[in-house]
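Order of writing sets the labels: A, B, C and D. Residues in every chain begin at 1.
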Amino acid sequence: MKFKARTDLALEARELYFESSAIETDVDGVEAEEEETDCGIKISRVRITSKNGEETIGKPVGNYVTLELPQNADFEQRIHTAACKAFADELKRLIGDKNDGTILVLGLGNRNITADALGPKVVDMVLVTRHLIEYMPEEIDQRLKSVCAVSPGVLGITGVETGEIVKGVCDRVKPSLVIAIDALCSRRMERVNNTIQLADTGIVPGAGIGNRRMAINNETLGVPVIAIGVPTVVDAATIAGDTIDRIVGNMKANAKENKALFRMLETIAEDDKYGVIKEVLKPDCDNFIVTPKEVDSAVELVAKIIADGINSAIHQGVDLDEFKGL
Amino acid sequence: MKFKARTDLALEARELYFESSAIETDVDGVEAEEEETDCGIKISRVRITSKNGEETIGKPVGNYVTLELPQNADFEQRIHTAACKAFADELKRLIGDKNDGTILVLGLGNRNITADALGPKVVDMVLVTRHLIEYMPEEIDQRLKSVCAVSPGVLGITGVETGEIVKGVCDRVKPSLVIAIDALCSRRMERVNNTIQLADTGIVPGAGIGNRRMAINNETLGVPVIAIGVPTVVDAATIAGDTIDRIVGNMKANAKENKALFRMLETIAEDDKYGVIKEVLKPDCDNFIVTPKEVDSAVELVAKIIADGINSAIHQGVDLDEFKGL
Amino acid sequence: MKFKARTDLALEARELYFESSAIETDVDGVEAEEEETDCGIKISRVRITSKNGEETIGKPVGNYVTLELPQNADFEQRIHTAACKAFADELKRLIGDKNDGTILVLGLGNRNITADALGPKVVDMVLVTRHLIEYMPEEIDQRLKSVCAVSPGVLGITGVETGEIVKGVCDRVKPSLVIAIDALCSRRMERVNNTIQLADTGIVPGAGIGNRRMAINNETLGVPVIAIGVPTVVDAATIAGDTIDRIVGNMKANAKENKALFRMLETIAEDDKYGVIKEVLKPDCDNFIVTPKEVDSAVELVAKIIADGINSAIHQGVDLDEFKGL
Amino acid sequence: MKFKARTDLALEARELYFESSAIETDVDGVEAEEEETDCGIKISRVRITSKNGEETIGKPVGNYVTLELPQNADFEQRIHTAACKAFADELKRLIGDKNDGTILVLGLGNRNITADALGPKVVDMVLVTRHLIEYMPEEIDQRLKSVCAVSPGVLGITGVETGEIVKGVCDRVKPSLVIAIDALCSRRMERVNNTIQLADTGIVPGAGIGNRRMAINNETLGVPVIAIGVPTVVDAATIAGDTIDRIVGNMKANAKENKALFRMLETIAEDDKYGVIKEVLKPDCDNFIVTPKEVDSAVELVAKIIADGINSAIHQGVDLDEFKGL
C-alpha cells in the first residue's frame, strides 16, 4: 500500500501535485493567483474551472481562497484586525448576492475535542439575528441580515450523520446560503492554526478531523454552501511519511553516483514506508494527531477572527460594536 | 397584576391548587399515589385523566412521576445507585413497548449557562448506538437498541426555535420515541437538583429556564415524547413572592381578633406584592435565579443519574459496563 | 436573632448605616465624593479616616472606590474601553509609588463555581512578566514592571487557608505590592457584575462568596494589599429580608393613622423575619445565591475589564497590544 | 548535533540504554522485576541502587514503578477498578510509614492545556481533609488522614518557578510527605494515557510537558516526595526521530552484503537526522506534540484512576463512598 499525505487544503493538494509531477507547468483547468497584504498576510486564490482541473488536483470545480497569517500573529491586535478584514473581504466576494434570505452558519466538529472544536466555537461567537428579525422586527437595525447558527455535533456523539441533521434543519429554516466552518488537516505544521481556507464548493466526505460521509454542499442541501476551514492538526502519519521522504531524499542526493544504491533507495522507500509508519505509531496510526502545545488558545484566537469576519462580511455597514459581547 | 409563583413541576402545580382551594378534597380527573424506597427516595405518581383534571391542575392529560432524592444524596455512591435504579424503573414503565425503533434523546437548554446545561450534559453521557447498528451491525451486541442524541441549542444562540430544529431532525431520523431532558424551575429550593420529574406528555411552551414557544410533543412531532426534567433553579421572584406570603400569613395568624387589621393585610398584600418584588429585584426581576452555590457540581451529579438511568432503561439485560467511559 | 443584610461593598455599608439612622448627617471620620464620567460610569470614593468612621461603617480605615457601570454595559465596546480606563485610573492612584518591586496579583475564589471564579479568571488574563525579566531581561521592553500572579484556590478544595498559601508565596517572592481580586456579595441585584470596588485595606475575614478566615492585608503579609472586588451574587437571604422590609414598609406608610397597627407591624417584623427567611429558603438558607441567568458571560466580561485595567495601570506607557493574546 | 528521543519514563530510559548497548546484560546498580495481574495490567519495578546505575540509566537513585494498562482499558469499569487497586497497592508500598502527618498533594502542570492538565484534574478529585480535621475534628471519621492539595500553576502563567511556590506552601503547611502528579512525555504512542509511573525520587528539572527548572524533591523541600506521572504526549520530534531510525534500520537489514552501502547508511543517518526533523517540524520542532484525538477524555479517565487510587492508599480501611461526589 502506498502512503499518501493527508490534506484538506486545496493549496496543498496543488503542491502535492507539483511535487509528484516532473515539471512545474500550468495545469489546464486550474487558475492560481497570489497577493500579500501590508501586514504580511498571504492570500492565494485557486480556481478550478474544469473536470481536468478537478481530477488533477483532486478537489471539485470551484473557488478556493487561502489566507496565511504571519507566524506568531496571535500576539498582536494589529494582525488580528487585519486578518479579520482580509478574511471578511474574501468572504464577501464568495457570498456575492446570496445573502438576501436567511444565512445558516454551521459549526461542524466535536466541541469536546479541542482541535476539532473550531466550528462550535465560531457558532458561539457569531451574531445571530433571525429570531430578533422574526419576533421584534421593529426594534432592530434594518440593515441587519437574518442569520441563524447551529452546531450539529458529530456522528460518534449523536449517532446521526451530520449531513442528515443539517438537511433536516435546512428543510425547516430554508436558508438562502449555508456557511460551514470546520477544523481541517494540513500536511505542514507551519500552516496549523495559521491558515484559513474558504471554498464555495461545500464540504466533501472524508474531510476534517472526524469522519463525515455525507457531503454538505449545493447538491445535497439545495442551497449554495461556503466552507471555511482552518487546519488545526497534522496527522501523525503525515509527519512520519514526510520524515521518510526527506531522509531518503537526502540520501538520494548523496548517492547520485552510485546507481545500485540510488535504485535501492527508491525501492525500499516505496515498500517500507507504510510499514514503518504503522510501527512507529502503534497501536493506532490513524488516530494520532500533531498539534502545538498551546492548541487550546490558538484555536480560540482563530475562531475569533472567523466569527468577527463573518459578522462584518454579512452585516455590511452596521456598527457591530454595540452587539458585541466584546 | 397578580403575582403567581412559577413552577414546571406537576407535583407543585397540584400543591399550589390545594394551597389556594379551601378544603383538600380529591380533584376529579386527578389520581395520585406515593411510595418511598428503602434508601429514602420518595416517588409520587400523578395521573391526569380528564379535561377537568387538566384545567384544575394546569397540566395536560398524562402521567407525571416525581422522584425526590434525600437531601445531600450527592455524597453517597449508594444513593446514586438506588436513584439510577428507581429512575430507570419509572422510565421503563413510561416507555412501555415504544422502544422497538430508534429512540431520539434530546438535550434541551443552553450548555453555556450552568443551571440550564442539564440536557446537553445528559446527551454527552448517553450511550449512542444508532450509527454502530447501521454501519457495523455484526460487531455489536444484538440486544442493544438504536439510540441517537442531539442537543439542539436554544433560540437565543441559534436564532431558530428549538422545536423547529427538533422537527427537522425527526423528519430525517424518524424515531419511534423521543426522550427530552430539560432543566426546570421549581417553587422550593429544597427540590432543586434533588427532584426528577418524568412525564409522557412532552414539553409544553414556556417551560424551563429559557423560553421555548413551540411544544415538543406527540402533536408537533408525530411520535410519543417522554419529558425528563430536574428543577435546577427557583425564580428569584418566586422566592420574593413566597416571602411575602409567609410574613403576611404570620401576621394574619396574629391578627385574627382584629378584623380591620386582618382585612387590611389581605388587601395590601394583593395590591403591593408585585410592586415590591419588582423593586427588590431591580433592574430585571424576570432574569434572576436562585441556586445553591455549588450548582455546577450538583447539575453534573444529577445529569449522571439520568444518563445512567436512560442507558439501563433502554438497553435492558445488556452489561453496559463495557461501554461505559466510567 | 436579628437578620442583617450581607454586603461586601463599602458603598452599601454606608447606605445601610444611613437607612438605619434617623437623619442623613455626615459621619465623623468618613469622607465621600462622587463623580460621573461621560459614558455614564459613576465613581464614588469613600475614605474612612478614623476609628469612629471605622466603627460606624464597619469597614477598616482606608480608601474605598466604587465604579458603577451603566446597565447593559456588556454589549458595547465603547463602554468596555471607558470602564477599563476609569478603573485603571483609580487603580493607579491607589498604587501610587508602590510598584517599584514585584507586584503579586492574587486570584481569590473557586474556579469551579461560576460566580466565584472572577479572581482566577483575571489571573489567567493578566500579563505576567516576572519570569521574563528574570530569565531574559535583555529581550523585553525595559518599561515593563515585574508582575507575577497566583490563584491559591479555596479552603474547601485545598484544605489550607488561602491566607496561609498566600503568606507562603509572599515569603518566597517578596513582592512590594499585592493586588487581590475576589468575587463579592452585594445587597442589590442592580449592582451585580456591574460594580467594581477597589480598596487599599486588603481583604478582611468573612468576605466573598466563600469563607475566608485569615485576613489578606498589610498586617498579615507585611506588604500593602489592594483589594479589587466585584459583587457577582446577592445572598438569597438578603433578597428575602429586603422583600419583608419593603412590604412591611409599605404597610406602615398606609397605617400611619392607626397607632396600634403601626406598632404591631414593627414588632411582628422584628420577630418573624429570620424565621420566615429560613422557612422560604429551606433546607440551607446560607447556601443559596441569586444571580442573573447569564452569570457565566457576565463574570467573563467584568474579568476582562479588570485584567485589562490592571495591565495598563501597572505597565504605564507600554503598548500592550503586542503582548495581548487578544 | 545528535538527536536523542525524549522520555520521562524510567522504563524507557532503560530501554533506550539497552537499544544503544550491544548486548542485553544486567547493569550494575539497576534491579528490575515484572509482574502481570489477572486483568492484564503489567507492573514493572526498577530500582536504581548506586551511582553507577544512576549514570547508566540517567535517573537518580530510587524506586520506579510503572503500571501499563491494557489498550482500550478506558471502556471497562472492571479495568478501572483493577487499575485503581494495583496503583493504590504500589503507592501504599512507596508511602510506607510516611503518612503520619499531613500529606500535600501537588497537581503540577497547566490546567488550560489539555495534555498538561492531569495534575490539576487529580487535585480537583482528591479527598481533602486537613481543614476538616483542624476545624471540626470530632465530626469526622478518626481514621481519615490529613490531606491537603494545591495546583501551583506553571511558570508561564504565574511568573514564579513552580518549585518556589511549592517551597512556600511547604514552609507553612509542613507536610510529612508530598505526592506530586504531573503529565509526562513518552517515546511511544502505545504508552500514552495508558501508563502510570510512580517514583520516590521526586521530580527533577526538565521533566514534563512544560519546563520546570527547580527540582521538587527531598533535597529542595526537606520532605520525601513521591512523583506520579502519566505520559500524555510524545514529542513530535521523537516520532520523527524514531521514523528515521526504523527506515534506516530496515535498509541496513537489506544491505548487509553491501558493506559500502551499510557504512553509508550509518553515516548519513547520523549526519542528517536532526536537520530532517527540524525541516519536517517547521517552524518550531520543540513545540509540537503528538496525542490521540480524544486526549481530553483519556486524560480525564486516567486522572480518575489516580485520584481514586491516592484516596484509597492514604485513607486505608475507610469506606470512601460516602465522601465521593461520584
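Criterion: contacts are C-beta pairs under 8 Å (C-beta built on N, C-alpha and C of every residue); 3 or more make two chains touch, one makes a residue touch a chain.
Worth saying up front: this structure is predicted, and the values here are computed from it rather than measured.
When chain centres are defined as mean Cα coordinates, C lies farthest from chain A.
Rounded to a multiple of 5, the Cα-based rotation taking chain B onto chain C is 180 degrees. Chain geometry summary: the mean Cα position of chain A and that of chain D are 36 Å apart. Here the spacing of chain A and chain B, counted between their Cα centres, is 41 Å. Multi-chain contact residues, meaning those touching two or more other chains, occur in chain D at positions 112, 297.
Against chain D, the residues of chain A that register as touching in their complex are 71, 112-116, 188-190, 209, 236, 239-240, 242-244, 246-248, 250-251, 254-255, 258, 260-261, 264-265, 268-269, 272-273, 275-277, 279-284, 287-297.
Chain D meets chain C in the complex at residues 112, 123-124, 128-132, 146-153, 155-161, 164-165, 167-173.
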